[in-house]
């Protein structure tokens, strides 16, 4: 990608700002964390919990509120796989890709799940019902393979079992 | 090809932009500058730089450069290119004719802090031996003349007490009316480094500047005072120091005049300066004033840095004295990590102050009225000198308007854009019979000139600069001057043309002459600077390689003196017609009147002056981001675009002054510092209204 | 405190900031050298006259330890510590050259070269060129197994700043620019985006340099060892990305 | 009298249906007006039996499992509350062979008590260690830990006492205790079981550490994949504060100490201690170089104890029973017990706490019962994704730090993942490189670039492109990774790769003889 010479800088005040409803969530998260820059990750997690993701334009108020730069906040968001900059589907299905699950058919299970929901790991289904994510170990290795939907763990997963889980996720709101 | 050009030569020189005076390596290929890189051994910058010094050097080869001397009889006439000799002869002839007609005092000169120490020295020599009067002033009149006055009165030396690095040893940093990250960026970076290492930052500034709050650098106390209340607030801080007995009695008894101190205590200790009284008037929480005072006094090493936000007021000199008093009272002077330090705007403001371009002082701040000092120069110059102080620049303009002042030699300055009360300056210049301007480009001022001498940029000459920490560094010629002569050679040409014969082969000889005549520079020479890189004055037998920290044992004036600093409100007041206070400042990418930076790609960051206004004030006036507004004061009006900003409080608006067409100085007040005539750029009552049609700048005649 | 500022020398990069501590004597390749406590082995080696190649280290920045070409051997210690992040100890015996060190450095440099435009090496005069000379590897062999791997040669070419370009194809992700922006300038305008092989230097929120908080002080350009950040003025005909790459 | 029935609440039991079992049990006993309290205990770690419910009959626990919700009516019909006979009846819990043969020191309470009940904890010897520690000088506490021979269970196996002594001796303040609960290794779950089964033990351990080194603030850094652990810890920290086991003047002593839970955000590298400290400080989890040691310049640059959960959880027992009692278990320099986690393709997966000295084969066959698929075991990965693959014929290796290292592996966090004979070891080697590429912080070049090159090389090897040259390059790359990386992620990734290559060369064989032939021609 080529970023051409810009004749005149567009300053932040000239760029879009965060919608009020989201801005108030940011303000509350900052206040709850005492504007402490060492709590950046906690702030981001709080905001994501409430908004479902971290909007691009939230980075500036977060940075200002914590006495950090936008680049630092962006760097942190981009480092952690849990943090997302786009909204996820209504349910997040994490499918373990690690060795214990590999040893018990995890690769085939992943393929099956991708086929059934119709998207790959890291993607969201067209109907917005499910986001598939790779996860490396859920700590359920004594009964692999394992998945986690939202915060519900499921172990010793079979294709029949996961089909029911996916069906439920698609029909539930 | 992706392979970059490899420079064939590299020359160490000093940046001419701000008062930090960074060391740079000018790298050339085939005689053209291909880049400037910061010099790691530069003692002011240690290898760091800012966008101006590092990149904004293309101005030197801009098509707008004046490339030949030019003269004209009337300012209505077109310019006529002439030889240097003809230009000198014409200019000198005119000045002599005027003196014969209107008297010796009818002409004068003004020097520029953009020029080298040697050139500034030669300008005052031009006035004194060429014009045979003391009508010589310099541009620090409009910025830091109160520093000279206020610090001399309290400490005895009108200069920064510290070296820049000293701030790394500070526990508490008090910044007053300055925005180093924009105005003195390389020093600003050092300040931020100190804050990141744990120093406590205190800021007094009407605006929430980047210095107040930026990543990893947040002021623990910010006094966002109402513009114009500096002295009131500083006195209130002193009040807390006195009434809570936070002062360093041992230091004061040992180093200062105790009687002065007691007098001062009784003044600032009065209830009228209590934070509870001052807070509401200055728009501050009383406890914030107390907190700042306590933190400053607690140290253990507290330092003060201040800028034009202190000096450019009707009580500018008083404000500087407040700072000197405060530092002495708390014992925060005379070692690393403490001190009182002006942040100088231009590359050589300190040099401009030191080198005698004053109507009342020779080099080293010695008075022309003093016969012994005069004798030093009479002996050196073999000529009798006038013992009467000359005219200050504003007085020259007043006299010109009145008809008694008719000729002026201006070195590298643009008073029409920079000085207050633009219409008054224009009228004065229009009334003159010979205005000689030596500059890189045609400017607002050259419109009124009769002789135009092509100046040389700092990349085209040899000499020295003295930065804001008193550091004298080498300026070296990288490329040939466009019109063949370096600025110092031009002034020498003018002096000769005036009939005083003199010859220097190299500016080092001028510095040698300065050393012979000026105690603080007595040890200074090009050889020494070449050898050690740069030298902070005083440099003499006691300090053969210069002095980093001043006032370690005594003050130059002996005992430190506490000056009384009664608060006198400015006459500039808000009222129903002009309910907002306008204050001014600069931004990083542009420099002063912008004559250089506007001729570089730095315009990519800011291509116009913009008015910052609070959301409340904007809403009340139905204004939105980007709207064009008319800014009107009692003195004039102009048009600007606005930015709705959280950096200014309601009631305050702010703009920069880098772009000629906005003519911000048409709006600013006529008021000036009681002691030095430094204009009150920082406080003007204005009203802001939306405009739909682009109008033009006008000055209200009053 | 002053050494880190005042002991810097033009044209010499000691690798890590000079320190003010008490004298410590060690030996580097058998040469005794005395440096201030708190100094790095890399700095001591340089003062002893033993050149240790480096890429991510600079005496204007705190040691970082990412490039792994300044590895050395220390008597009595396991492995091959990075000399930039290893402080000197009294009596320490350091070896800066050995077959294993040469092999490791070559191995690391090959990894760099596997994601660097080949056409930008010959004739270049960046610090990377110096390091390649020191390690003795300048390009991957035509049949080198690392060729044709994943790379960043199609990455961002940022021309937005009037004075310098940022060409991701030449970025070796040493973070010197990011650190210079933080430690020297104090603006924190740059960061690393992503992690692992996907790590890239970006301004702001992965935006153009001009629109980011960058104040164009030049510290990043000064710090860049591989000319990924470089002045436009050095390209009189305009900057063009190299068309051939090892990738 | 109220009958007590235990239904585990740990994440894996829940993942196997424990919540449904508990709900059904409550509903069914209520419907029958039976006086039953359902207690949610931790898991005993016998996961092939989960959900395993227990009933307390006259002070003895009887187990049933695996139980499904639909089994509840028949269980009650069969006299569950009196330990009646049922298809799922396992007899007295303590006599289940796989449990009986363990030496449960660290896990003594896990699965026995209600993890959220402070009373339960106190009734089972809880806070005895802290009480004893508070009566001792900090230096004596460190002595006791040193005497136990306890070594870090997170992977590096550094002697815990020495680490604590360094922090105790550091002059700077404040000091911190950080519990590393970023248990990211596949095949490990011991930390999770402690946090979900005996969380007060971790709190007690951290308080002991705080007293020993002079710390005032503790942080538990728990991975986000463990929501049940996080909820349990948050609850129990609140309870501990309420009852004076955290906060000021703990247990009437001068100790002031509090704990905060910080949650990870999906980064394996944050299990590396310096990366974790960066993450706690709100930054990108970039590995810091060592020195400085975290013990001297750790969290916020201050002296910091960073210990793994199992390491910490071993401490209260050591303080309560004495270091000598602990070091009496184990062999050689591997003192005490190791909670081994059996995972992957194994019939009886779960947690086995045994003294060091058992062989891998005993673990897999005697405890684990062989593979779950019933096919022959072919490879065993010990020590997580950075651990070596052991060949089936190496399984007589003794499980202690030194023996495993001598066999070219590392014990890591004690995870054992079994693969049957369907495994393709080239795929596993590739995954090791891929995992490194996915989880690398990106700081050092060997790991940042080398891991991706490693994946590419293995792909080429598998395709038979210039096989020998690529294998040679892969070996060189492994050397650069091992010796040139900044931290253990890059440094240890060669372990699984090389061991796969060494022990299973046939899996890296020529898939396409013609390609190889062509490639050879071209050289």
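Some observations on this one:
In this document, chain identifiers A, B, C and D correspond to the written order of the chains, with residue numbering beginning at 1 in each.
Please note the rule applied: contacts are C-beta pairs under 8 Å (C-beta built on N, C-alpha and C of every residue); 3 or more make two chains touch, one makes a residue touch a chain.
Values in this document were obtained by computation on a predicted structure and should not be read as measured data.
Across the two candidate interfaces, C-D and A-C, the one carrying more C-beta contacts is C-D. The central chain of the assembly on a C-alpha centroid basis is C. Remark: chain C and chain D have CA centroids separated by 38 Å (rounded to whole angstrom).
Chain A and chain C, compared by their mean Cα positions, are separated by 34 Å. The mean-CA centres of chain A and chain D are about 25 angstrom from one another, to the nearest whole unit.
In terms of their C-alpha centroids, the spacing between chain B and chain D amounts to 66 Å.
Listed for chain D are residues 267, 284, 438-439, 441, each touching two or more other chains. The set of chain C residues touching two or more other chains comprises 162, 187-188, 191-192, 194-195, 210. For chain A, residues touching at least two other chains, in rising order: 6, 9, 37, 68-69, 72, 75, 79. Chains touching one another form the pairs A-B, A-C, A-D, B-C, C-D.
Against chain C, the residues of chain D that register as touching in their complex are 267, 269, 284, 289-291, 437-453, 456-457, 460, 466, 469-470, 473, 476-477, 479-480, 483-486, 523. For chain A in complex with chain C, the touching residues are 1-6, 9-10, 56, 59, 68-75, 78-79.
Contact residues of chain D toward chain A in the complex are 11-12, 14-16, 45, 47-48, 50, 183-189, 191-192, 224-228, 262-268, 279-285, 300, 341-346, 349-351, 372, 381, 385, 415, 417-420, 423, 428, 431, 435, 438-439, 441. Looking at the complex, you find that chain B touches chain C at residues 1-6, 12, 25, 34-35, 37-41, 43, 46-51, 54-55, 165, 168-169, 181, 185-186, 188-189, 192-193, 196, 214-217, 588-589, 601-602, 604-605. For chain A in complex with chain D, the touching residues are 37-42, 44-45, 72, 75-76, 79-83, 94, 96, 98-104, 135-144, 146, 148, 151-156.
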